Structures are given as structure tokens and as C-alpha cells.
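Read through the structure below, which is laid out as C-alpha cells, and then see the notes.
Chain nomenclature is as follows: A, B, C, D and E, assigned in order of appearance, with residue numbering initiated at 1 for each chain independently.
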Amino acid sequence: MENTQLFFNFVPWIVFFPVLGLLLNLTIGKKLSENGIGAIAVLASASAFVVAVLQAYSLSIHPEGASILVAEWIHVGDLAIDWTFRVDTLSVTMMLVVSGVGTLIHIYAIGYMHEDVRFHNDEGRFKRFFVFLNLFIAMMMVLVSGDSYMMLFVGWEGVGLCSFLLIGFWYDFDTLGRPSFANSNAAKKAFITNRIGDFGFLLAAFMMFWQFKSTNFDNVFAVVANAEPWVILWITIFILVGVAGKSAQIPLYIWLPDAMAGPTPVSALIHAATMVTAGVYLVTRSAPIFMLSHDAQYIVATVGALTAIFAATIAVGQYDIKKVLAYSTISQLGFMVAAVGMGAFAAGMFHLITHAFFKALLFLSAGSVILGMERGHHHLAHHGHHGGKHDEEVFDPGDMRNMGGLRKQMPVTFWLYMVGTVALAGLFPFAGFWSKDEILADAFLEFPHVYWILTGAAFLTAFYMGRQVWMVFFGKPRHEVAAHAEESPLIMTAPLMVLAALSVFGGALNLPGVHTLTVWLEHTIDIHPGEFNMQVALISTALALFAIFLSWLLYMRKPLTTGQPDPLKRILGFAFTGMENKWFVDEAYKFVFIDRYTDLAKFFAQTVDWDFWHEWFHNSVIAAGFVGLTKFLANPIDLGIVDNISKILARSIQYSSENFRKVQNGFVRSYALSVMLGVVAIIGYLLIK
Amino acid sequence: MNFLLEPLNLVTFFPLLGVLVLLFIKSEAKNTIRWVALGTALVNFGISLWALSMFNSSNPDLQLASQYSWIQVAGWNIQYYLAVDGLSILLVLLTTFLTPIAILSTWTAIEDRVKDFMVFFLMLEVGMLGVFLAQDLFLFYIFWEFTLIPMYFLIGIWGGPNRLYAAVKFFLYTMAGSILMLLAILWLGVNQGTFSVPELVLKGGIPADVQLWLFIAFAAAFAIKVPMWPLHSWLPDAHVEAPTAGSVILAGVLLKMGTYGFLRFNLQLFPEAAVKAAPTIAVLAVIGILYGAAVSYSQKDVKKLVAYSSVSHLGFVMLGMFALNAQGIEGAILQMINHGLSTGALFLMVGMIYEQTHTREIAVYGGLWKITPIYGSLMLIVALSSMGLPGLNGFVGEFTILLGAFGSKAFGTPIYAILSAIGVILAAIYILYMFQKMFLGPVGKIVEEVKHHGHELRDLNAREIITLLPLLVFIFWIGLYPAPFFNLIAPAVDKLLIPFRAILGG
Amino acid sequence: MTGELFLFFILALTAVLTAVGMLTSRNAVYAALFLVLNFAVVAVFYLMLGSPFIALSQVTVYGGAIMVLFLFVIMLLGAENIKAEVTLKKMWPALVLSVTLLGLIIYMIVAKVPMVGLAAETSVADAAPKPLAVSLFSTYLLPFEITSFLLLVAMVGAIVLTKQEKKGAGK
Amino acid sequence: MIPVNYYLTLSVVLFSMGALGVLIRRNSLVVFMSIELMLNAGNLAFVTFAKMHAANLAAVHNGQIFVFFVMTVAAAEVAVGLALIVLIFRKKQSIDLDQLTHLKG
Amino acid sequence: MTQIDFYTIMPISVLVLCASLLLLLEAFYPKGKQKQIAFFAAFGFALTLGLSISQLGNSYSGFGGMVVLDGFSNFLNILFLITGLLGVALASGYLQRMNINKGEYYVLMMFSVAGMMLMSQATDLIITFLALELLSIPLYVLAAFALNRTESEEAGIKYFLLGSYATGFIVFGIALIFGATATTSFAGIVAAIAQPATNLTLLLVGGGLVLVGFGFKVATVPFHMWTPDVYQGAPTSVTAFMAAGAKAAGFSALLRIFATLFPSFAADLMPILAVLSALTMIVGNITAIAQTDIKRMLGYSSIAQAGYILMAFVPFGDPAIRATAVAAGLFYLVAYTITSFGSWGVVIGLEREEGKGLDINDYAGLGKKYPWLALAMTVFMFSLAGLPPTLGLVGKFYLFRAIMEGKLYWLALIGVITSLISAYYYLRVIVIMYFKNGDPIINKDNLLYMSIALCVVITVVLSFMPSFLFSWASNAMLTMF
């Protein structure tokens, strides 16, 4: 697929621009102001967006796309992996979303980080943030534009690294700004969990190579149909492990909630809009493989659906504004994975895009809320109100129980948040409605059990979003900080408005009947447009409205007061405790895996390797045994051979030890005796042999 | 004179010239000594590049040979025979490349008996180069044993508090392996009538049962050196006690002598035995990978952590090598280089902080990235390279190795590759653990302690950055564009694989 | 049993008994005297074996020179008595080994050497001193010369060892 | 007609007794005497063998001359040996071998 | 005495003559100027050495086949004479420092060397026996030469008594051989073996007893016990001479006797030799580890080295390989002689009066204070341990190869394992020299240090060009068979 027409040749720049940006910031960033740094980063990201747009334009003329070889990478034997960029409708869709949303978030971050670094008393890290952010864009571009599984994997791990770096951005604190290893633990957890997923990815790649002699998409898809079913099944399962890691599916989703330790733009960009959807992209990309195995589709769809509902239940029980969104993200990722698992690739991609819009919007608005709270907190602390009190007890600006009534303090943010909420809840005609319904409609046809589970999840989605909005923006401030919260500046809200607009009108991308996106993607993957199912749409809309009503009943009719336990607790009892505590999955993992591995490692290191192998075996058995033997040979044989032999003889004839001690040891005699011994042995051997 | 102008002779023995010069410099002129040593090592690196320029990478055979009959009496046929091929060229370059870097790292770390140190160091370089270049078993054995001597002194004189124990242990364990190899070498010389490796390869025809014994005898020497589990017990001692430069060379080059030995001798000379032994080696390698990673994770001493990580990394090398296919072996060779670069850099960096704080206990560190940002960032890159992040060198090696092992006909099952791939996860765990506890989190108490002694914990200085920079260049280069390196290796590996293709089919 | 054999047994018994005497006597003088007696008996054996020259040498060199020297030293040192000598029963290993050696070689001799009788009268003339002397100074000239140097060395050695002592004592 | 074995046996008995003497005596003079006894036993064997090979004149001479040289050597050894013993006695006032245990290990 | 007879013993005669002259000279020489005696002795050795070298390539048989002068004996004679020269160089300063400077020392040494030379040339058991005594008796005296030290006397009497004891066995052994073959001449014995009437058992047992005697001289286990005591007690210069010369002489006799007389009994003797060699290597090396006195340690080391040399003789019965095997033994003998001389030289360099400076710990700090001397010692230790770049490694390589050719894999295995063990104690010396702090004192003795330097040079340089020495050794062997 060598196509060098139009702007296809420019595609490597989609990576080079962000890299250039980060290098610029690395080298000359020190001399620039914050705005300068931000400008470079935004420009880098925006340039990537421009490249993506150019690609889209080129594709609109040459929809068959192109592969652009940059350099050879790993050529060993019959293994040939190259740095080849792939331009097709699917990759360009992702490029557009990533660079588009990314650019908006870059802009937002200039404002956000300006304040964030000041709240943390470390202004030096402003530059570092944008370097990482640009690196992320570059890696994400590698991920989506790679022409082979292995190049995809480079981006795959690369974004994992960026995720690690950005979650641990405030590595010396916990989420509340206290000195701690907590944030870095979260970062580490994300990386390691992702690595578990990568393990699956790698095995899938190995299997592909040995079965199909290539990891190149086209080459693999060309011959995959001839493969035996078990091969397909295993490849898909291994891919699923990778997807579970990256896209936070059961059982590897655990890192994502902790990832909220990163600054909010990071949560929005990486852990909601782009990186976590890489798994969805991967499955979509691997559509020709998944299509071949009904079992694989079944497994993937089920995993996605279960994740969707499981995470949604947890989201219901969270108090942290970002944690709710995080679990919501997991849940929505479950929707997407279920969709692509069922073969509803267009629906999955559609939801991916709309979700990127409204979830980014929600996260960024949440960031705005948190910063607003921080500002209030700051304001209070500076004005000396209850200064002593604040020093003792750390204030959590993200805790919804501290909020309430923010609608008045932060009106812009409130409205933006509302748009996002409605879109997420899937109310007509917002973007979320169209994409979610397309998934549900497909599920209804393909896997009824998935449909029912997802419907339940959708219901919960509307419920927890309602709960959140009531708790955050309505009622009375439950903390004096909330009463002093301040609105965010324009540099932060402006990108949000763009996102809000996209959230409202994003549904237009793939409206029933028109199927713009589907048609677009059809050039790349073999898909069929989904049918709009009125029944499904109605049921889900009704359920969503009912859920919002329920949440209104619980949280709005009698707004929460300070220190009041969640009203759901009364109703659900233990079940809510489970939700609050994330069903104790983290604890279980810690107990089953982390602690056991730590113990095992300690056991190996201390007991097996050091105490046993190093100290006991090498030092005691080998070394000491050797020394002992030496001493034995040095002393008894050389000095006391007479003693020893006579000792044995003496014992054998029952001599008393008294008598034995009287045996006098003449050394010359001993020596002579030794000679004699040799003589007798030699003569004896010669005569008797 | 012609003898000395042959590139391989020149590259091998040039450091001796430096030694000679050093002998005439007063011990007090420490800086002169350092410059002379560094200059010698750098020139030698240049010479090795010159040799590389003459190396024809498409030729799978031994090249640039310097071959003279040496001891030829009474049916004894020992040659002076140095030559290089794709299997060894990279290791030669690695040696000449790491030596100046290691010397540079000692600039302020070694103040005591600088002259002796440099003399031993340059002699060590001679020995290592000889090992990689010798194509006569006797000559190889001489160089092999010779490397022990300077290393022994480097550990024993300039090492840590427990250096005597470590030095003697290092010496005896390595020697213990090599004596069996000596017997095997003699068997070959006696029964095959030649000590020349290429001739032996050509001749072949060693009965299968004997091959296995010889294989074991050679493997004993190399496995201890690698070190393969469970023969690794000398390694933590040697590494922890050795001075930084010693650790760098030990991890960077000396361990590779073991893996190289497997490649050059065990695979080339005893192909049938190698096929037979492959599953066993794979089991040991897998245990080494997982065990090394687990044990690393539990270390409190950062140098020990890095030392044990070598057990894990070299497990990968062994696994790849005995996959007996192109991917496995080429990956293994590249991974030898990668490990030399990454682990060498890790040791260098551990040494740099140790020089300031005099402690290697992980727990006292923390938050270093904030205090020493350059150091932290470089450490991050090196750590990522060590755990095999795509785009950096470690990945290219590990990936090709695992890929090779996955489809290896010699193993017959992908299970080894799958288990080893778990090692990739575990690598992330211990590396990140190390990085987190030292560089992330709140600022550790060591910073205060250093202040207490009237110093300020400083970031890397220019010399230290210059020391690390070449390593970083290669870390990225190999990670992003390893083609030039693979191209050097590939023809020789293809040739190496011919007998295995015959045995295993395909 | 011929008279000759009878004589042999008597003499052999004497030889063994004197040897035992030497081994067991606490007094060094007695030991030396026992040994002289033993040498004398062996000299008779030499005669019986047709070696008059050797027999004569035995008496002069061994009995006359060596043993006198021994006695002289014993007397000189006044060291004829050594207290707390070892008794045989405490030296089991030595005894066992010696007896084993004895047994082994005797076994060899009995088993492997033919029971050839040694006629007393055969070729006595050939072993007579004169042809022996001729042989000594022709065929065996070199070893003979060597022995002269050997004795010289021994003399020098003995002088070196004892001379210094006198000097040291004098100082 | 005394069988050759008789002589040889006697020689071996004497030799073994000499060897035993070295092993069990502490008096260095007596030990030395025991060694002389061993040499003497060797001589007896030589002469016996010479007699056994009486048919061969060269052999007879060879054996007997060897005996002669052994005696000479014994004399030389005695000179040195007694000198050493005297030396030791002067220093230690004893010729007890068991007191010569400074060197060991 | 014919001309040929004369040529055969010419070097020995010259040496003996020189010794006799020196004896006279010494008697009339003014006291206090005896250092020049050493010079004369060295001159005597050098003269003889020149004669021996001039006789290279010649082959004579004299005195009715009692002595020969062939390549083998020439090779060893040169080795003995070099030993003598080095012995003089080591002794001259040492004797003065130890206050035992007497001219007889050199006279006795020269006689002893004459005995060694005679031993290598002997082809008649009478000569062998007399040569053995000629070399031993001076050594008995020399061991006790430091009359002011009790240890020296003790060493002398122990060496003397046990040496005589061994002589007793040799005499009886020769008697048995004579009994079996009716002759003591090698040629005669070889001829007799071919005859069916010969009593082979007697011969073999006689050979066994002779083996014991020479085993004692070269200190193989279990005939080795005198070695450490005597090496420790004797004046160090004597020890050096003994460890190198006497051992080499013992081997030369063993070699000639066994290679000439007993090849047909190889099957019977090989297990004995192999076991002796193995035991020697094991016991020698392992016991050395426990030593703290450097002389004692080197004593045990020399026992162990004897085991290695003996190893080369094990396959002496295999005509296909015995030449190379035994040549390997000779080669190793040379390597050992040079190296051990050098190491004893270093010991002498550090030895103070009254036996101070002999503990291994007295070497602490040598590497720092006297780097050259420490380097020399390091080279010797490496050579003894068989590490590059030294003659010892090449020697071991040859040895093990010979054993492998003889298919004695187990013995080779023991050899390599024990050489690993040996590395431990050789290394300890290095460890102490370099890694421990101390303030060693060394003696001023230029001649000594020049000799040590010479040994270092030979040890290292010859390791790079061993062919010449090896081909010489194997040619020497071929002249014998």
C-alpha cells in the first residue's frame, strides 16, 4: 500500500511535531515563561492535529490510505518489523480525536498547571508537565499510526510510560498534598498493571509471528483466515489481556481509579479520552481476527459488559469527584469493549469518540471544580480564618461531601458540567445518546445477555451522574471552602466550551440512517451500519430519566448536610459498603498477589538465596567444609596418623582411654610409619593384585 | 612490526602501551595517570572502530585474522590466532567502548593507588579483548584465566569493606569452572588434533555422547561466569564489593564472556549436544529470569538489586541463545550489548550517588528526582532501558529473544517464552520499586545526613554527564534503529545456525 | 638335617635374637653390643655364602669401625640410658605394618623364588678377594672413585657440623 | 645345601626388625642402629643372590661389590649421622627423638 | 679409562675438581672475606655449565655402560647447574645475614650438584645408589647448617634419619632387582627381563622398593612427611636448593629407571604411580592451606607440585605418548624449578635473623611498599597456581594434555581440582601482600633480587615461547628411549 499522493508523506510529522515540541521545551524551556512553554506544547499538539486533518483530507480523496516507511526497525531472520506509518480511516479517526482533544487539553492545562504548581509550591515542574504531555501525544500517535502490531506496541508501552510519569507527576505527595509515596505508588501500580496487559499483547504478537510470519496488519489479516481456530482463540485471548490492561477491564481495571492522582488534565486526556481507549482501537484494528471467532467475540463482549456494570456499581459509592468519573470511565470503556467485542466496531468507535468529548469535558470541569475549591481553600488560609485548624487537618478539595451549592460560585463550570452529565447519561439528543444506543441496539441483536447488563449499567450511569451533580452543584455548601470557591479563568473554560459543543453535537457523526462514521470506517474494516432500534432507545431513555429521578429523590429532595452518611447506605446496607470500598478488590489483590509476591521475593532473596544458598551452602557447606577438610588433612593425617590409626585400633580392641593417652607420639616415627605404610601398600598391591 | 600493525593485534595489545607509559609516571601525578589511561582507552576505542571499518559485515566468516603458529612441537598444534566475526565484533566494540567510560567514572572515586588501578584496568581490557578475539582454544584459555587476575585485584584492593571475601570468591568460583573447561579443551586438542576453533568446527565429528560431556565441561566454566542460576552466588558479593568501574566492567563485559563462550564454543563445537541441552538450559534460564527478578525486588542494597537483575537479564540471553533460531541468537547477542550498556550505566549511576552519600541502602533515599533532576531523568531512561521499554535498547533484545524462544524448535514448546515474559513484568516491578524508593516520594533522610557532613547533595557534574552520555546515545540508537547492529551479527548467526537447521529441520 | 643346616639355624636364631635384643634393650650400649653380635653372625653367613672378602669387610668396617664409633659416641654423650622407652604393645600400627611387610616379602620369597640349594663349595675361588679387587679397580673404578668423594663429603660434613659447635662454645 | 629361601627369609626378618626399630625407638642412636640393621639385611640378601647366581662370575662380583659400596656408604652416613646426633645432644642434652618436635604442623 | 669415559664424566669431574679446589682454598682463605668464596663457587658452576652446554647434542656411554651422557642427562645437568648457580646467588647474602657464612657451604653444594648430575647420567644401579648418597649426604649437612638454630639441627637430623631409612628400602629393593636379574646395569636388567627364566615378581617388588626410595626424595605422599619440617627448619637458601635440585634429581632417577627398566611393567606400576600422584596432589595442596609459615606453605606446595610432575610419568608405559608425556613432565620440572627458586628467593628477601619475617602475615603491605618484589612473588604464585601469563600455566597445560592423551581422565580431574584448591593458598599470599596493610622489611641483597628478576623474566617470557623448551625436553626424552 505505497501511496505517496497528497499529504500522506507528511504522516510521520504527526509524531515528529510533538517530539520536536518536547525537545524544544527540554532544551530551551528553562529560559521561557510558562506561557512560552505552554505555547510550544500547544503548537506541537496543534500541528499534529493539522497533520491529522491533512491526512483526513487526503483520505477523503484516496480512501484506500497509505503506508509510509520511515526506517527499518527489527529485522532478524524472517522477522521484519519496520517503522511504517499507516494512514487509513481508522487510524486517522484516532489521530483526529487524540490530537484534537489533546490540543484542547493542552490549552486548558496551561491555566490549570499554572495554579497547580503553585498550590504544590514547585513551579519548576510546569515545564516537565508539558514535556510529558507532548511525549504522550507522540506516543499515542505512534500507537494509532503504526502499521504493525509491534509498532503499535511501542506506542502502547510508550503511553503507559507517560501515564506512569503523569500519574506520578506529584510523586512526592499524596493526592492531598502531604509528603508520601502514595502518588508514586499509584503511578507504579498503573505501569505494572499495564505491563501485565502488555505481557498478553506480547504473547499475541509472538503467536502471530510464528503462525503468520509477520506482525504487520495487512500481512496478518491476509492469512488469518487460514489459521486454525485454536490459534485465533488464543491470539484473541492474549489480545484481550492486553486490552484489559490498557483499557481497564476486569480484572486489570484497578489501576485506573488510582490514576486520578495525576493532575486533572492528565485524567482527562490520558485516563478518559485517549490512552484508555487504545484497547478499543486495538480490537477494532484486529477486527479481521475477532470476526473469525464467535467464542472470542463472546468472551470480549462479556468481559466488557461485566466491567461496565461492575464499575458502575462502584461509581455509585464514591465521594471523590474524580473517582466517580474514573469508575464511570471504566464503565464506559466496558461499553466500548463490549461493542467492539460484538463486532459493532463502528458503534464502539462512535462511542469512543463521543466519550472522548464528554468525558474530557467532565474531567476538565471537575478539575475546574477542584481548582475552584483549592482557590477557596487558599483564600481562607490566606485570610487567616481558622488557620490553625487547616494546618492540622488536611482539606480534600475533591471530596464531594465538602462541596454543595457550587452552581452559584462557579456558574460556567456548572453549565459545562451539566452538558457533560447529560451526554454521559445518554439523554436525547446529546452525543452519548446516539453512541450508546447504537451499542445497545447491536447488543440486543447479537448478545442479549450483554444487552441486559449494559442496560443496567446505563441505568446506573444516569444515577451516579445525577447523584454527583446534586451533591456538587446543588444544595447548600457543606464546607466553608465550598462557600468561597471561585470560578476558573477563561483559558480553562474556553476549551471546555469547545468540548461542550462537541458533546452536544457529536452525535451527528454517526446519526442513524446517515452513518457518516461507519461509511468512513468501512474503507478500513469490514463493518455494517447498525440499525436504529426505537424500542431500545426508548427503554434506555426511560431508564435514564428514572435513574435521574431516583437520584433526585435521594440527594436533592433532602440535600445532604455536613457529615451526614450517604442516604443509599441506609437502603442498600452492606452492598453500599461494598460499593464504597470498591468491592474490596484492591485489598484482595494486595492480599492475594502483591503481598504474596513480596513475601515470596523476600523468601527467595533472604531465605533461599542468601541464608540458604549464599550463607549456608556456599559459605558453610562448601567453604567451611573445605576448610574443615583442610584442617582434618593438615592435622590428623600429617601429624597424628599414628594417633588416628591407633585410635581406631585401640577402640577396636577396647583399650581404655587412659592407656591410649599414654601412647607417645614421636614425630620422626610417625613419618617413618607413613613411609612404611606406603611401602606396605605398594608391595602389597604389587604382590596381591 | 607488521605483527603489531594488524588491527586485531593492535586493538588487543595497545592498552599495554598505556601500561608501559604509566609505569614511568610517578604515582603522585594522579591526574596525569588518569589522562594517560583515559587517552589509551579512547585511542583503543578508535582503533577498534578502525578495525570495524575494515570488517565486512556481509561475510559470515572470521575476518581480520592474525594467525601465527605458536607452539608447534611433538604433534602439538597451538596457534596464535586472533580473528573476529559477527559473533564477537560487537562485544569487542562494547569492551573498548565501556573501558574509557569506566575509567572516566573513577576520576574522583579512586584516589588511592591510582596508578596501580589504571594498570590493572588496562590489563583487564587486554584480557577481555583477547577472550573475544582468540580463535585458538589454548590462547582463549590463557586470556580467559588472565582476566581473572586484574579483576581480582580491582575488587580486592579498591573494593568495599568485605572485598577480600568477594575477591577470593570471585576468583575461586570462576576458576572452578574453567578447570573443567581446560580438560575439555585438552580433550579436543588431543582427539581432534587441533586447538583452532574454526578448524574444529570444520572437522566436527565428535561422537554425540562425548559431545555432551564436553558441552557440560565448557558450560561449567561459562555458566558460572554468566552466571546462570544456581551458580550465581559469587555475583552479588563481587558486584557489591567491587569499585564502581569494576562493577561496570564486570557486568558490562566480564559476564558476557560467559554467554559469548556458550555461543562461540558450546554452540559451534557441539551442536548436537546443544540441541539436547537446550530444554535444560531453558529451564535454568527461566528460573534465573524469574528468580533473579524476585530476588532483586527484595533487596535493600541498590547495588545488590542491580547485581541480581543481571541474573535475570542474562537468563534472557541464555534463553535466546538456546532457542537456536535466528531471532533467539541475534536477540541474545544484542541483549549482551544492551545489558552491558544498561546495567553498566546503572552501576555507574549508583556509583555516582554512592560517591556522595556513601550508602547504598535504598531506604535512606527518596525524592532524589526533585533534588537532582538530571540524575533522576537519566536514571529513569536507564531504568526503562533495563526493563525493556520499547523504543529503548532493552526491548529490542528482549523482544527478539522471547520471540525466538516462543517458536523455538529446540525447546519445542512456547512455555519457556511465556514464563520468561512474566519476567518482563517482574522486571518492571523491581526496577520501578528501585526508582520509586530512590527518586520518587518524599525527600529521604540521606539528604539531611549529607548536609550534616557539610556537603550538599549535588546533581551530576559535567564529567559525570559526559560519562553517561555515550551510553544514552546507544540506548536510544539500538532502541530505535538497531539495524546496523543486527546487520553486523546476522551473517555470522546464519552460518552458526546451519548445523541446527540440519538437526531441527527448517 | 645336615650339619650345615643346623649351623644355619643356630646362627639365624642368634641373629634374630640379637636383633630383638637391640630393639628392646633400654641401654643403648647393650643395643650396640647386640648389633655388633648380629653383624658378627652375619659375617659368618657371608663366609658360608662364599664371600670371604665381604665377611672380612663386615667385621672390619661394621664391627670394627662403625660400631666402635657408635659406642664411642654413646660413651661420649653418656646417653646410654633413655628413660620411658616405648614398649612394643603400644606401637600396634608399627608392629602390624612391619609384620605385614615381613609377611608379604616372605610370601613372595616362598612363593616365587625356587627352592634352590646353595652349595657351599661352588665358585668360592671366584669370589676370592683378588679377582674381586681386580674387578673393583677396573670395572667398578668409577663407583669406587665416587665413594672416595662420598667419604670426603662425609668428613667435611662431620667437621662442619662439629667445628662450629666448638667455636660457638669458645665464644 | 641350604636353600636360598632360608637366607632370604632371614634377611627379610632382619630387615623388618630394622624397620620396626625405626618405628618404635626414641633413642636416635638406636634408631640409627636399626637403619644399619636394615642395610645389613640388604647386604645379606645381596650376597645371597650373588651366591644364587654363582654361575655368572660378573654377577657374583657385581653383588659383592655392591655390598662393599653399601658398607662404605654406611660408614659415610655414620660419620654425618653421629655428628648430627652429637650436635643435637650438645644443644638439648638429649638424643630423644620425641623432643625434636619443634617443627610440625 | 678411555677418552669416551672421560668425556662422559667430564662435567662432573670438573665440578668435583672445582669443589675440591674450593675446599682447599677455603681452608687457607683469610677469615671474613669469604664472600669471594661464593664467587669462586659460582665460577665453578658456570664453568661446568659451559662445558655441559658445549656437550649438547653429544651422546657418550662410558665405564662399561655405567654412566651415559645423553640429551636427557644434559638437559637435567644444565638444570642442576642453573640450580646451583641460583643457589649460590641466593645463599651468598643470606649466609652472611644469618651469620653462618662458611665456605664449606658451597663445597657441599657443589658435591651435591655433582651427585645430581651423576644421578641423571647413571645407567647402573650402583651409580644411582652412590649418586643418591652423594647428593643426599651434603644436603643432610646443609639442612643443619644453621648451627645456631635448633630448628636447623632438628631439620638435619630428621632429614638424615628418614633419608637413611629410605636408603634402606632402596638397598633392599636393588638387592631384589639384582636377585632377579643377576646384574645392576640397566642394559643387563633390560636384557634379563626379556629372558623367561627371570623372576619378574622379585624384580617388580624390587622396583616398588626403589620407587619408595625415590618417592621419598621427591616427596610424594605418603613419603613426604619430612618435607615441610625440613624445608622449614633448614636455612632458606638450602631449602630453595633442595626444593629445586634434589627434587629434580629424584625425578631424573625415577624417570630413567622406570622409563628404561620397567616399561613392560607399566600396567602394574601405572596404578601405583597414578595413586601416588593423586594422593600427593590432594594432600599437598590441601594441607598447604592450613599453613601460616611461608616456608612450610611452600614446602607443602612443593609436595603438591611433585604430584603434578609425577602425573606426567604415569603414562610412561604407553610408547605412543610417553615421549610427549615425559617431556611435559620435564618441562614442568623446569617451570617448577625456576618458579620455586624465585619464590624462595622472595622468602629469603624477607627473612630476618632469628626466623622473623617468615609468617605469611609478615608479607602484609608488601604490594604497597615494595611493588616490584610483590609483583615478582605474584608472578611466582600465579605460575605455581597455573595462571597466565606464566610458565606454570603452559606447564600444566602440557601436563594435563599428556594425561588426557593417556586417557587418565580421573587423574586429570583430580589434577585440575587440586590446582583450583592450590589457587586458594597461593592467592592468600597475594591477598596479604596487596590487600592488607603492614610494614614489611626486606633485606638489601642485590644479587638476590637480580636472581629473582631473572626468574620472573624466565617465567613470563618463556610462557610466550615455550616451544623451544618443550622441543628440547622432548628431544631429550627421545635420546633415552
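By definition in this document, contacts are C-beta pairs under 8 Å (C-beta built on N, C-alpha and C of every residue); 3 or more make two chains touch, one makes a residue touch a chain.
Computed from a predicted model, the values in this text were never measured in an experiment.
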Chains contacting each of subunit A and subunit D, listed by label: C, E
Remotest chain, subunit C as reference, centres from CA atoms: A
Chain nearest the global centroid, as defined over all protein CA atoms shown: B
Centroid comparison with subunit E (C-alpha atoms), farthest chain: A
Pair joined by the larger number of C-beta contacts - A-C, A-B: A-B
Centre distance in Å when subunit A and subunit E are each reduced to the mean of their C-alpha atoms: 76
Inter-centroid spacing, subunit C versus subunit B (mean Cα positions, whole Å): 71
CA centroid of subunit B to CA centroid of subunit D, Å: 65
Centre-to-centre distance between subunit D and subunit C (centres being mean Cα positions), rounded to whole Å: 6
Touching two or more other chains - residues of subunit D: 8, 15, 18-19, 22-26, 31-32, 43, 48, 50, 52, 65, 69, 73, 76-77, 80, 84-85, 87, 97, 100, 104-105
For subunit E, residues contacting two or more additional chains: 126, 130, 133, 137, 140-141, 144, 147, 156, 158, 161, 165, 169, 179, 201, 205, 228-229, 290-291
Pairs of chains found to touch, sorted by chain label: A-B, A-C, A-D, A-E, B-E, C-D, C-E, D-E
List of subunit C residues in touch with subunit A within their complex: 84, 86, 90, 92-94, 96-98, 100-101, 104-105, 107-108
Residue ranges of subunit A touching subunit C (in the complex, touch as defined): 642, 645-646, 649-650, 659, 662-664, 666, 669, 673, 676-677, 679-680, 683-684, 687
Complex contacts: residues of subunit D adjacent to subunit C: 1-10, 12-21, 23-27, 29-30, 32-34, 36-37, 40, 43-44, 47-48, 50-52, 54-55, 57, 60-61, 64-65, 67-69, 71-80, 82-87, 89-90, 94-96
Residues of subunit C touching subunit D in the complex: 2, 4-5, 8, 12, 15-16, 19-20, 22-23, 28, 31-32, 35, 38-39, 42, 45-46, 48-51, 53-54, 57-58, 61-62, 65-66, 69-70, 73-74, 76-77, 79, 82, 85-86, 88, 91, 94-95, 97-99, 101-102, 105-106, 109-110, 113-120, 122-123, 126-127, 131-132, 135-136, 139-140, 143, 147, 150-151, 153-155, 157-158, 161-162, 165, 169
Complex contacts: residues of subunit E adjacent to subunit C: 1, 5, 9, 16, 20, 23, 62-64, 66-67, 102, 104, 107-108, 111, 114, 118, 124, 126-127, 130-131, 133-134, 137-138, 140-141, 144-145, 147-148, 156, 179, 199, 201-202, 205
